[in-house]
Amino acid sequence: MSGGLDVAVLTAWLGRVAVRYAAEQGYLCDLDAAIGDGDHGANLARGFTAVVAKLGQPASPAALFKSVGMTLIGTVGGASGPLYGTLFIDMGKAAGESTTLDAASWAKVLAAGLAGVAARGKAQPGDKTMIDALTPAVQALQGETDLTAALTASAAAAVHGAEATKKLIAHKGRASYLGERAIGHQDPGATSLAMLLQGLASEAG
Amino acid sequence: MSGGLDVAVLTAWLGRVAVRYAAEQGYLCDLDAAIGDGDHGANLARGFTAVVAKLGQPASPAALFKSVGMTLIGTVGGASGPLYGTLFIDMGKAAGESTTLDAASWAKVLAAGLAGVAARGKAQPGDKTMIDALTPAVQALQGETDLTAALTASAAAAVHGAEATKKLIAHKGRASYLGERAIGHQDPGATSLAMLLQGLASEAG
Amino acid sequence: MKKFINAADRVVEDSLAGMAAAHHDLIKVHYEPNFITRAGGPVKGKVAIVSGGGSGHEPMHGGFVGRGMLHAACPGAVFTSPTPDQMLAATKAVDGGTGVLHIVKNYTGDILNFEMAADLAKEENIHVNAVVTDDDVAVQDSLYTAGRRGVGGTVLAEKICGAAAEAGADLETVTALCRKVNASVRSIGVALSACTVPHAGKPSFTLEDDEIEFGIGIHGEPGRRRAKHASADELAAMMMEPILTDLPFTKGDHALLFVNGMGGTPLIELYVLFRKAHAIAAQHGVTISRSLVGSYITSLEMAGASISLLRLDDSMTKYWDAPVVTPALRWGA
Amino acid sequence: MKKFINAADRVVEDSLAGMAAAHHDLIKVHYEPNFITRAGGPVKGKVAIVSGGGSGHEPMHGGFVGRGMLHAACPGAVFTSPTPDQMLAATKAVDGGTGVLHIVKNYTGDILNFEMAADLAKEENIHVNAVVTDDDVAVQDSLYTAGRRGVGGTVLAEKICGAAAEAGADLETVTALCRKVNASVRSIGVALSACTVPHAGKPSFTLEDDEIEFGIGIHGEPGRRRAKHASADELAAMMMEPILTDLPFTKGDHALLFVNGMGGTPLIELYVLFRKAHAIAAQHGVTISRSLVGSYITSLEMAGASISLLRLDDSMTKYWDAPVVTPALRWGA
């Protein structure tokens, strides 16, 4: 994949992710049932179904991200709705006028999304949230100029970060009520975030 | 047993029956759960515990029966409370002045009890109620002059009558709501009535 | 069996003590024999209404004691009719000199015990009338059974007759009104799960994951038949059909629709049932002009629901709307 | 999973339609986005109160919309916070020109979505204050968590602040009162069984026959710890201890005791708990001068209960007693 991330590729990515969330809905709900309230898979499946239905033909990556963010905010609910929504909205702001994102601009865009999520949710790395998948994913993009390699490394880092949440006590979200009992369980939001980036690597990598 | 049924024997009988109902409480409740509301054993256990506690030293069989009847009416509740209560109250009326009941007078007394239950509950033989144990028990006493033989035959007839309720559809009590579904289940009230008369045969037979 | 109880044989008394503590402004609980009266004592010159039955159906009947509804309620052991001494004591406590109405659900035990109590009250010169409620259409061939059971319609009868008594209607009028309400209401119940009587310690029946009991009463007894579980809309249709045809309800009727939870059913599901029952009534030309949704006549923790439909006339509607101030039903005052 | 539903993704809408049909005299249901307002429309010159949260907690919050309590409620998907567009639409619909109070239970999702909605409302020149309720003492080390959850105290705050708004208090006064109620109430919950979210289809956790979850929230999430099932009196004592010591309640306090069912608990058991909680409060020197018993903030069909204790002052007591006319709470009018 050399052409970079344009609207067509990004649209295909979102379709792929919507299918994956629908397929993994039960798995994500099970993860959430163990340490939360069991709705994360349903929330994302509902949200991304709406994303695909409402997307239309956005003029630019920025417009696409904004539309996705607004749809997620209006349909997901829960903690993940505003957080995933903010991720996309802030990615949209960072995408600016570009019609195609290369490795460097994607790194900048995703870092902006991370900053937005962190600002809204006030979670830090190690709090056992989606931040623990997103942070290493952003880091893995640094200095990498080949888009394929960048997306693959970023997705792998996110998956690794999500897995590493197993050993953590949660300090944010519902899992924080459980104290020590959260240990051994993988965070659902970190897991879904890794799936999101895996989807991009598969689509565009 | 040749001395006949006096207050001492009758008191011992009630104590024995109270123990049996306590022991068979679960069984009688199970029978009632299948075709009723599952409380028959608890109702009788509660009632006969109270009977034993309140009995004192009645002056005559008549006084004893009346006291038992009043206690049952005040503690059992449900359908069986008024019916068992009436059984004993009407037995008390029929016992008159006697201090000791022989086979013939017991036959008369139990028949009066049956008539009282039938008048109050308006059930007929074959309606799948305690009447189906009581009626053959009264019949088995007819013409029998030996008390031991009379009580043994009467108890056996009651047991047989109770078992025979299995094949019946109920026309009275809660089991009547079940229609055909009551078939195959033994009536709890007929079963407890057979236990009552078995207790007398064991005590005085 | 997991319940918030201390011991099977203390449930009724502990719960009564809780009611007494929570609602001392509205009710007074009497023990040995157990009965509940309004906090204020008998109302001179007004007809008093007494009801009662086994415990395990809360808030019925104790939760309906208060201004505009019952004057007294007699709780028996769980699912067991109370005894005549309770009813007699309650009747004497609330008689205002103009007679007492006993509202009795049609179960052999309730009938026999209330009959005995009425006989005893009459011996003490209290004028007692009794009305037996029997609104359950699940019992079909009532000629060959103990007759139809008194279920959800009883709640409606107690509210409406309580308001009439409050308004000063005499005993014969309140009695006739109660008969009319009972004659105008039809109910049916369905269980998704059984309930566990505390002293039994295990469920009174078991249902597979895809089974329901159709036509249940309120005592954990098995229903009329077992059926496949279906959608809420299908179940509502199965329930409304015998209700509508039995009375029968006809085009132009105004009715009160009462969707009742059996104790373990969340409100969100009762509203799902209400939606369809309401729509079916409308299709049938019946206008739902009053409604009641909640768990008012229950079977311990049973998951299940019943539907009652009452054909209203102007007087019933007026008395339904009249103020009521009880632990479980309150409005208008 | 046996429920009275048609499909997992229709539960909320079907139930809202049922509410609309049952309570059209009191409330109006709006769809896409979903929210519930009072039947009458905005009240000019009076502060409006909006709350909301996931569905599955009925009657909270929709059942509390009506005169003397909420002006609007926003139901999300089951156990999922609603979205900002719902809250914005509700806020705009009920603003009477003098500002709107958002009562938000402390969960990340509720906070974030209500924050976004408030930002959007402010852009439209609506003055919005928000009070976050966090009365759950089960969450101990709140510095290192998302903080204490908003549970039963929320119901009490909504009633009391609704009455203040009805009486004409301004936004800052109602806001301060809401903070005060929240600061004066402590709650804790216990589950005897888990609940099943419709789209999950299976219970969110499983308990052995002799186990309970202590310190649960209202979303079927596991509690603080698992414990052995015990008698109602022992459980009431386990629950009252952290409640009494946390505030702390002291001798001479007057309080409102709220024993709440989680959806699958029968009323008879709630009164058994109430009895002991009341006695423990009395031993502690706390006078229970007001009480509430019933299932008002639930977790679908969970068997369980929560206890809330609110220290009352004269103004809270006055507003608690003030008339309320909603589907789920009604008195005094």
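Letters A, B, C and D mark the chains as written, and numbering starts fresh at 1 in each.
FYI, contacts are C-beta pairs under 8 Å (C-beta built on N, C-alpha and C of every residue); 3 or more make two chains touch, one makes a residue touch a chain.
All values derive from a computational prediction rather than experimental measurement.
If chain D is disregarded, contacts among the remaining chains split them into A | B, C.
Looking at contacts between chains, the pair that accounts for the most C-beta pairs is C-D. In terms of their C-alpha centroids, the spacing between chain C and chain D amounts to 29 Å.
Per-chain CA centroids place chain A at a distance of 54 Å from chain C. Between chain A and chain B the centroid-to-centroid distance comes to 75 Å (mean Cα coordinates, whole Å). Multi-chain contact residues of chain B (touching two or more other chains) are absent.
The residues of chain B lying in touch with chain C in their complex are 29, 33-39, 42-43, 46, 73-83, 120-121, 170-174, 176-179, 181.
Residues 1-7, 11, 14-19, 21-23, 55-56, 58-59, 63, 192-193, 207, 209-210, 212, 229, 231-233, 235, 257, 259, 263-275, 278-279, 288, 291, 293, 295, 298, 300-301, 303, 305, 325, 327, 330-333 of chain C are the ones that touch chain D when the two sit in their complex.
The touching residues of chain D, when paired with chain A in their complex, are 9, 33, 54, 76-85, 107-109, 112-113, 115-116, 138-139, 141, 144-146, 149, 197, 199-200, 204-205, 217, 219-222, 224-225.
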